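All chains are identified by letter, namely A, B, C and D, in their written order; residue positions are counted from 1 within each chain.
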Amino acid sequence: MKDETIILTGNNLTIEHIAKIACEGTKIKISEEAWKRVEDSRKLVFDLADSDIPIYGFTTGVGWNKDKRVFKEFFKQYNENLIHCHTLGVLPEASQKEVRAVMLARLNPLLLGATGIQPAIVNMYQNMLNFGVHPVLPERGSVGEGDITCLSHIGLAMIGEGEVYYNGNKMPASEALKKVGLKPVILGPKDGLAIVSSNALSAGQGALVVKEVKDLIKIADAIYALSLEGLNGNTSPLDAKVHEMRRFPGQIISARNMRAYLEGSYLWDKDRKPKALQDPLSYRGAANIHGSLRDALEYVEKYLLLHINTSDDNPCVMVKERRIESCSNFEVATWVTGFEMLGIMLSHVSKVSCYRTIKLSTPYFTNLPRFLSPADDVICYGTIQKVFVSLDSEIRHLSNNASSDYFSMAGDIEDHACNSVYVVQKTRKIVDDLVYILAIEAMHSSQAVDLRKNPNLGKGSKAVYKAIRSEIPFYDRDRNISEDIRKAYNIIKSGKMLKMLMASMME
Amino acid sequence: MKDETIILTGNNLTIEHIAKIACEGTKIKISEEAWKRVEDSRKLVFDLADSDIPIYGFTTGVGWNKDKRVFKEFFKQYNENLIHCHTLGVLPEASQKEVRAVMLARLNPLLLGATGIQPAIVNMYQNMLNFGVHPVLPERGSVGEGDITCLSHIGLAMIGEGEVYYNGNKMPASEALKKVGLKPVILGPKDGLAIVSSNALSAGQGALVVKEVKDLIKIADAIYALSLEGLNGNTSPLDAKVHEMRRFPGQIISARNMRAYLEGSYLWDKDRKPKALQDPLSYRGAANIHGSLRDALEYVEKYLLLHINTSDDNPCVMVKERRIESCSNFEVATWVTGFEMLGIMLSHVSKVSCYRTIKLSTPYFTNLPRFLSPADDVICYGTIQKVFVSLDSEIRHLSNNASSDYFSMAGDIEDHACNSVYVVQKTRKIVDDLVYILAIEAMHSSQAVDLRKNPNLGKGSKAVYKAIRSEIPFYDRDRNISEDIRKAYNIIKSGKMLKMLMASMME
Amino acid sequence: MKDETIILTGNNLTIEHIAKIACEGTKIKISEEAWKRVEDSRKLVFDLADSDIPIYGFTTGVGWNKDKRVFKEFFKQYNENLIHCHTLGVLPEASQKEVRAVMLARLNPLLLGATGIQPAIVNMYQNMLNFGVHPVLPERGSVGEGDITCLSHIGLAMIGEGEVYYNGNKMPASEALKKVGLKPVILGPKDGLAIVSSNALSAGQGALVVKEVKDLIKIADAIYALSLEGLNGNTSPLDAKVHEMRRFPGQIISARNMRAYLEGSYLWDKDRKPKALQDPLSYRGAANIHGSLRDALEYVEKYLLLHINTSDDNPCVMVKERRIESCSNFEVATWVTGFEMLGIMLSHVSKVSCYRTIKLSTPYFTNLPRFLSPADDVICYGTIQKVFVSLDSEIRHLSNNASSDYFSMAGDIEDHACNSVYVVQKTRKIVDDLVYILAIEAMHSSQAVDLRKNPNLGKGSKAVYKAIRSEIPFYDRDRNISEDIRKAYNIIKSGKMLKMLMASMME
Amino acid sequence: MKDETIILTGNNLTIEHIAKIACEGTKIKISEEAWKRVEDSRKLVFDLADSDIPIYGFTTGVGWNKDKRVFKEFFKQYNENLIHCHTLGVLPEASQKEVRAVMLARLNPLLLGATGIQPAIVNMYQNMLNFGVHPVLPERGSVGEGDITCLSHIGLAMIGEGEVYYNGNKMPASEALKKVGLKPVILGPKDGLAIVSSNALSAGQGALVVKEVKDLIKIADAIYALSLEGLNGNTSPLDAKVHEMRRFPGQIISARNMRAYLEGSYLWDKDRKPKALQDPLSYRGAANIHGSLRDALEYVEKYLLLHINTSDDNPCVMVKERRIESCSNFEVATWVTGFEMLGIMLSHVSKVSCYRTIKLSTPYFTNLPRFLSPADDVICYGTIQKVFVSLDSEIRHLSNNASSDYFSMAGDIEDHACNSVYVVQKTRKIVDDLVYILAIEAMHSSQAVDLRKNPNLGKGSKAVYKAIRSEIPFYDRDRNISEDIRKAYNIIKSGKMLKMLMASMME
């Protein structure tokens, strides 16, 4: 599977492609048409420059310095200067997976031929990705209208300066390039701008966040299924017809998944003792609320992919029309505000997970012992509510709008921004906190079904149970629970639970 | 046009229909199939109740009282009690237009036959709308999982209690019903729940907010066009090809509109004196940012309409399947978080409008006098920036997430909520503030083109200019500007500017 | 009492003075020393102007126009222009009480002689207040570094333009002035600036908010006392020693009040049936949490009064030193961020009130019927939780920071702002919502003690009970509860409950 | 200096003490009276328990389990269980300095004798601090009404389980205790609760945040002074008299500092070329705004110290009165909402620092080259604005209220929370971001005075300049600026700049 190579065309990258290339190291290859577009685009830029039309970032400075002229004899120097003084990233560093996603998110749109970049640099992206040379990339410092302050760190490595990770070690870029047999690039006109003027940082990190949410929503559906078994709850709110009548796409999928995960569960037995007429909304409405997360995610994924598969360059080189136009295609408000919505929806999913967990500790709802305690002298989950509640509060706090705060900059020329990078990073944090919250829910629901003396579990919910119990034993006497939490978190974070879930559904 | 009647089927209402019925008083008529569904649904509920299946809100209490039995002989009493003690709305009152939209948003889903309501009540909605009898509806007090605390006020009027507006006067409901020849309804089983258990308040008010944003975004595009003329700015960022390459649907539409509005403008003249190489982002990126608002709006409109054209009833009556199921189809997180996103996008549109206005006051960008002052001894717009900046701050503040704050209620059964009502109402406030901000932009751009000695304006931008100048003269000496602001606000708010704009494009 | 006259000195105004003058119409009189300072200050400004030192807003323009010279012969014209073009307020209007507080908050600092204003204008403030001539004052449009856009409306009335309220009627300012025998003022140098350049709008409105919170915290303590009786809760957390040991000033006061309000209550009876070992935190911690509100309030009151009793003028006239200096004493971040803290504390007080109310509806905690229902067929407070929860969510939303959002304005000279006006107004809204929430708590606790068959109540808690029952009877069968809520709200809002409480403590 | 020993009495710890003990390893010694109180308190608890009064957490369970009885023979087991199952902290770990501050914040109130803890455990706190044995302390997972989920990790180490840091290495607690010659404690009755039931995590971390802000505000004042020299700005807003008249304590101190830091500066020269009549507010109002931060800080420091010097135990043991009372002295809303206010004030200070920096890059204000570029072909600080603007946006986002979000927990007994831990930690993050922002301001102001050809600098501002130039040379040609930023950040963060500043003022 790792031998497969993904062909890049500039316009058909999916979230799954990005995850494979970024996280699994899948190799890439640029398609022939794409190469042609890159070359045509470069040629056009030179042709136009020869005809003395001032071209932003090519024969002129950038930003407020757009009124300054750049002369041919200084192209290399000017572009190196530009890389140097744009190298402005603030710690912490992006992870290496993220750096790969970021480079890919820059490379792909280059293949559309709207940039006019030097083809050798395009090749450099491809080679660094395929050889595993990952520039050190501080992830803060961009307001996200172009992540120019951070992407410069990639440019720095390309010209053989700064540092990179290679084979797990941090080293000078020049050394790593040598090791893999690459030569630093020589910057020509517009190349500096072409490297930095892109939203690839937020787009690349964002793509991995989207991937994580796509996976996590499946996990959430499956953990819900186990919790419903822990509660001995009603399955009627999962009724297919009920959701079809409502026609919201997300809830139809979540309800379908939940039913599938519960296939074979004791919950469907007709002769079980009577249940409550209606369960709390955190149970009854789970398919709807998780479904709303799917709806929001679908919006974000659609527009983020549109971003990654079109060019956000300014100026925009139009090869067919033989024109270069100043534009604002680096504006990303559509999907950045989508991420804001996504964060808010994650806050809702977090809340219902927390409430489900609280219910599992409450005898009134479960007819099980308080705090799922296995015996009278065991305190068990009496205090753990503070943990997930505090994490939920973090999520709530992070879910406030962060996209529309900025200053007018660069001599009042840059008077709009989206904080795309920060918005993506706060969403990443929200997702990480939610992993903890769902992990604790799974700990509770596993304990609850154990206390029910292991009735038949559903196909998928059993996989959740097994994943938890593969590392965390039944809680029989008081122990350091923080270790259980960390394990449960890792079982989800590492993908282990998802893998077991998917495998169980394939049987 | 007012003689037209809109046929309600339960599943094909549009925002434009709602606006017509709510704001223009267009009459409605329920389709025959719809009537049949309503009747079949009512019959089914009775059949099932006879077979002794407990039905939530029919033979049982609601909420935490679901464990209580309701007996046949007390149906009327119980349902009146239910209406009475659910009458919990808090001031201020919804406008009459809004009340109409709310009643319509409740009526339409009833027509799908998923409620089991008494047909006479369905008829009552129709009649009250057609006769213009509008219950007094306090608009606060709902957490939006079912606006049961507010919709009860409509039920109250239907049974001849409480107050209504009729022909512009507030009067007892009983009196108004008499005037139009209607008799109060007699509540039967489930009717109380059927009237209140719906999100019609947020959905109805939300539909009018969506309508207002749909109109306002056209206005924003047109005012931008006039501001670009005020600035003597670049048209290249409106280039069709540039936006097509980016493929984001909203920006393609906004750019197209802007080009159309600028048809005939002096900005396209080749021989104008040279402009800046790149304008500030608030100008250069306007099509993109306004376009992102269109993208967000498209999401909200799609799902809000899905809501209004499907049933949010619990329990859900399925006539074909002859079943009633407990469900959570009143969960509205998809479109409520969509409104959150919409509010954030409106904040961005507000910011760029503000920045465009500031630029128009700045000689560095316009080569016009500071603050667009017509003469040395006139202070003109020297202080007005505080006004729109303070309104923009309100918008920023309101754009924070308000949907995921709630308590667990009703004996911990109701442990999820969306605050749909408040979210919609804060969005309504955001939109209203934005009307002021755009109004002030239009005042500036009109003054700017006047100071440019009236060059040729575009088809649409000229309409904006004329709308402003129809009530607000050129600023030639210092005067009470708050009156100008109020006039400009009303020119937009009343629809006058849109009407003039649309007319101009039809010529 | 109304015959009393409050002497204004410029430096010893209290919140209680402001409330009396603003809300009760108490007359004012300017002290002699104050008059002398005003006159000396005016004289100094003229002296310095004669010596040809440029004085901001006197011989120069204001804001970005500070580079413009104003010549003597145009003083009147320039200052009228300034008033005109600063008249920029946006609706809604401030209440008349608020307008009085605003005028007072402007007048008082003028008496310190740091302004250099024309004495006749000082007199005009005094006269308009004493005659009850209240300019129409739109309350929005200021970013709060100087509420210049709004205070201009007061200046407008002073020169006989615009509108005012007089004897409850809106009329032209010129007409009202004539009625009371006043002549419009003739503006001299610096007078325009002196009228508008002040934070009197936020300070005046803020003072009334502080007054309302000071009163409301007493009400909250007393309602808590009644709720504790409704719950049959523990009094041990009110133990004086416990709070003394903690030494936080607010909680010591609240606990003392609560004990006093409970004097004579059945709760102190030794032979009552046993209670829970510890009550929920909303009860157990009420003195602490209400006390924290007192701590926050003390901070706000201290600094707001410091503001009102010192000069926020720029430039600052120093009579003794015979100098005028440019300064930033209009910066108000200390007390504006204090209001932000106050809003957050009010959110906490709101939450514990809500939770107390929920407990009163929960048999597990009260051993009373669910939802305090008086009989099996009465639904009672089954749905009302949605009402206060939704209002609490509003409060939560409003409690986010609104003070640090602004644009750089006026040619980038005005690059700081506090949004003091909006912050005060959102706090006013928070307080109003909290009145509803406490009102509903009082409705519940009154019902609870009734269901306990009227045990002996405390001195203060009985007053709360009586205030509620003076208009709202025992809930014996289901009725329109929204009317009860409105009444209970008014009982608090109007001051009736406080008056009855204070009277009861005097007996 | 390090040999000094600080005597702990329970009631006179200062922020400076805490910083010394936590950050510099200063030894502690418990006073004799304190010991006596501890012993008396322990004795009383046993006496009362003997008389069969149920004592929360001693003879009963905690939280919802307060209805459970704990019998003498199980004291050790029960208390170990309690520690185990309360061990719930979530990563990341607190720093070792913070762990020390946390232990101290728990130890000090124990000395008041309100806890009834076993004296051997008190001794253990002292010994671990003096020997430098620092439990691994995950810093998340508490809602801050008692940081019981995290402080348990300290208890765990005390009983010889879990991990600690010792001499820079992570190792099992048992191993470290052995190395320093300590034996694990044997838990007796109430000891488990006594260890965990405290707000020491937030109080300890909070104390270090307060210390950092106290230092940083001096730095901010000094950097401002250098920026004023960079701008060639007006000193008149620093006039002592102007601030005295206003009487706000913070601004009087900041203005005094600023004047002192500017002693000897060229700015005071009478014969300098004329300046602008009024500088932008970020300069003119700096003393006021920095002063407001001092005002807010004074509130926080006062109440945080009150917290640390009184007992937050529940139940509260009163030795003199020979009573134990249930209470809520662990409620911390006063100082937690104080931290919220502090965060908001830091946001204002951040904003004015950013605006000052932007001004330094703007020729209109400085008459220096654009972006402080030393030569035409050097781009210099053309892009760095994005860096500090993005960090300021983080601060803005973090400054929203996070204290009033929580769930009702533990069987609805714990229905209030403050999120004190998260609030403190977000404030810590705000402060860290502000260090970057001020660091970048200092880079700019140093460059600006260099471009002014090194005029005479003030005593304090020169120290700032020298601190920067000690590691960061004049920007003469384009280079990787991210390294400069990191250095400048470290110069402040490490205390180097403060030390140089203080030294310069002593000369």
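Just so it is clear, contacts are C-beta pairs under 8 Å (C-beta built on N, C-alpha and C of every residue); 3 or more make two chains touch, one makes a residue touch a chain.
No experiment lies behind these values; they were computed from the predicted model shown.
Undergrad: Which chains sit in contact with both members of the pair subunit A and subunit C?
TA: In this structure, the chains that contact subunit C and also subunit A are B, D.
Undergrad: Mind checking the centre-to-centre distance between subunit A and subunit B? Centres are C-alpha means, answer in whole Å.
TA: Each chain reduced to its C-alpha mean, subunit A and subunit B end up 32 Å apart.
Undergrad: Quick check: how many Å separate the C-alpha centres of subunit B and subunit D?
TA: Between these chains, centre-to-centre, one finds 46 Å.
Undergrad: Quick check: what residues of subunit C touch more than one other chain, meaning two or more?
TA: 355, 358, 362, 396, 400, 405, 407-408, 412
Undergrad: Considering only which chains touch which, label the overall pattern as line, ring, star, complete or other.
TA: Graph shape here is complete: every pair of chains touches.
Undergrad: So in the complex, the part of subunit D that touches subunit C is made up of which residues?
TA: It is residues 54, 56, 60, 66-67, 112, 114, 145, 234, 236-237, 239, 241-243, 245-248, 250-251, 277-278, 280-282, 284-285, 287-289, 291-293, 295-296, 299, 303, 306, 310-312, 316, 318, 321, 323, 325-329, 331, 333-334, 337-338, 340-341, 343-345, 347-348, 351-352, 355, 359, 362, 365, 396, 399-401, 403-405, 408, 412-416, 418 of subunit D that touch subunit C.
Undergrad: So in the complex, which bits of subunit B are touching subunit C?
TA: Answer in residue numbers: 61-65, 68, 74, 77-78, 80-82, 84-91, 138, 140-144, 148-149, 153, 156, 161-162, 354-355, 358, 362, 370-371, 376-387, 389-394, 396-398, 400, 402, 405-407, 409-411, 417, 419, 421-422, 426, 436, 477-482, 485-486.
Undergrad: In the complex, go through subunit A and note every residue touching subunit C.
TA: 400, 405, 407-408, 412
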